[in-house]
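Just so it is clear, A, B, C and D label the chains in written order, and each chain counts residues from 1 on its own.
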Amino acid sequence: MSGKKGLDFLRTVATYMTKTNGYDRCLQQLEMVSGGDGRCVAEFKVGEEHLNRAGGLHGGYTATIVDVVTTYALMTKENCVPGVSVDIHVSYLKGARQGDEVIIDANTVRAGRNLAFLECELRHKKDNSIIAKASHTKYIGSS
Amino acid sequence: MSGKKGLDFLRTVATYMTKTNGYDRCLQQLEMVSGGDGRCVAEFKVGEEHLNRAGGLHGGYTATIVDVVTTYALMTKENCVPGVSVDIHVSYLKGARQGDEVIIDANTVRAGRNLAFLECELRHKKDNSIIAKASHTKYIGSS
Amino acid sequence: MSGKKGLDFLRTVATYMTKTNGYDRCLQQLEMVSGGDGRCVAEFKVGEEHLNRAGGLHGGYTATIVDVVTTYALMTKENCVPGVSVDIHVSYLKGARQGDEVIIDANTVRAGRNLAFLECELRHKKDNSIIAKASHTKYIGSS
Amino acid sequence: MSGKKGLDFLRTVATYMTKTNGYDRCLQQLEMVSGGDGRCVAEFKVGEEHLNRAGGLHGGYTATIVDVVTTYALMTKENCVPGVSVDIHVSYLKGARQGDEVIIDANTVRAGRNLAFLECELRHKKDNSIIAKASHTKYIGSS
């Protein structure tokens, strides 16, 4: 049943992943918007807790979002485990400020037997301008 | 006086940066160990709040450490501002578990007029094995 | 006139760039297909001179294509100079063999005052499957 | 015998790899200097055939060198095959001109069961200043 891997599945995954005393709790405010079949679209409003000292969206938080939301995207593929990060690369194109609404769009470019290649964009909701573009390579084979 | 840009300076920077309601508060436990002249060495013990759902050091937290500690390293250079992130790339070589002590070693490879190139390693304190290697490019010119 | 920055412009650029005793001569067989306004689409057939010792498309040649074709894309933007490479990142998803026809699709994600962010995909023409995905950051300000 | 994997081995590998009609022939002028046990140091003099249109060392050629010389480094490890490229990331710090002598220093950071993490620096021989820093991730497991 494909519904299992769609929006309901993503909401279940995101709730499970972020209801923790671990680091993922910093992603609790992300709202799952759509996805399935290798994709995950989420959104959040930039809060004070996401800012760097200059008052902009923190680059480390952006990297964390990339890491996690691409993993959600990967988990919507049939038979796909979360895998283990190999390489993550983020390009920072534009800032975001407190109160800005941000769309996160993560996609599985390829999930092979051993490696998965994922991509992610963060965009301003108001005008679709790109905040960050990223790629994430994960090992998904049996080690 | 070079002392201004050494360990005391790094402790002052780290305290200022992480005493905030912003995202950098998640780095409060990092202890500055040595540095100056473009370098920053810090350490921390992996706590529950740094873990992913599999019980390992979270890749997003690792990326956050890279972002911030390389910026501390950059700030020890004369005339250097924190700058703005352009690209960050992290390779994940080995896991770390709760209780593990981790060394962070960040270095300014080159700080030119417009761009700074920084590198960072996270290593296990017990055997110096590498957890992650990263590079961080920042724009430091006037925009 | 926008035509100046479209396909004719790209053909002129590509001819100028590769008619040289320099390294760009290895890209002479690339055929410009379409583009303009920050984009460049080209194609080529994998020849013996593009192969590694295992008989596949060479990763170094792929990186060279990314470097050059994203620069062509950038040059179709108004007022844009070729710029200088800051960071290039290539993910290798799938192989290609001699005789395979390859599409190269390069795009300017953002060209600001100082930095340009470019992306590039190499795909098999026969089924559109992705061979490589890449990002390229260039400095385009006055130094 | 460890000599098998030292300088003589590297010279044999480099000769075999570049005596080809394939793309690696563009690396024939690289001279192996030292290495073994996961490392490879080589050098070359920048020639006209390595230049971009602006008269500097071509970024695509630099990426090609990174790809190949890190692979030589990997091959000096016991039981290590050349592997297949997963991700390559190059940061460009400084230019080089025709006639400049360049040192290439490649190192295996970690070669595990499935993945190898390699790093590479290109430096000016005259003053050791860094031209480029790079990382290269390869898949070395059985697919």
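Keep in mind that, in the parts below, contacts are C-beta pairs under 8 Å (C-beta built on N, C-alpha and C of every residue); 3 or more make two chains touch, one makes a residue touch a chain.
Each chain and its UniProt protein: A, B, C, D = Thioesterase superfamily member 2.
All of these numbers come straight from a predicted model, not from anything done at the bench.
Asker: Hey, which chain ends up farthest from chain D, C-alpha centres compared?
Answerer: A
Asker: Could you let me know which interface, C-D or A-D, is made of more C-beta pairs in contact?
Answerer: Higher C-beta contact count between the two pairs: C-D.
Asker: Between copies chain A and chain B, are the contact residues mostly the same numbers or mostly different, with half as the line?
Answerer: At the contact between chain A and chain B, which are copies of one sequence, the residues are largely the same (over half shared).
Asker: With chain centres defined as C-alpha means, what is the inter-centre distance between chain A and chain C in Å?
Answerer: Roughly 28 Å, centre to centre.
Asker: What whole-Å value do you get for the distance between chain C and chain D if each is reduced to the mean of its CA atoms?
Answerer: Their C-alpha centroids are separated by 23 Å.
Asker: Just how far, in Å, is the C-alpha centre of chain D from the one of chain A?
Answerer: 34
Asker: Going by the touch rule set out above, which residues of chain C reach two or more other chains?
Answerer: Within chain C, the residues that touch at least two other chains are 86-87, 89, 91, 137.
Asker: Just say which it is for the chain contacts: an open line, a closed ring, a star, complete, or other.
Answerer: Looks like everything touches everything, fully connected.
Asker: Quick one: in the complex, what on chain B touches chain A?
Answerer: 16-17, 20-24, 26, 48-54, 58-61, 63-68, 82, 84-92
Asker: Flag every residue of chain A that touches chain C in the complex, lowest number first.
Answerer: Contacts found on chain A: 87, 89, 91, 93-94, 109-110, 117, 119, 130, 133, 135, 137.
Asker: Please name which positions on chain A make contact with chain D in the complex.
Answerer: So the residues of chain A touching chain D come out as 86-87, 89, 113-115, 137, 139, 141, 143.
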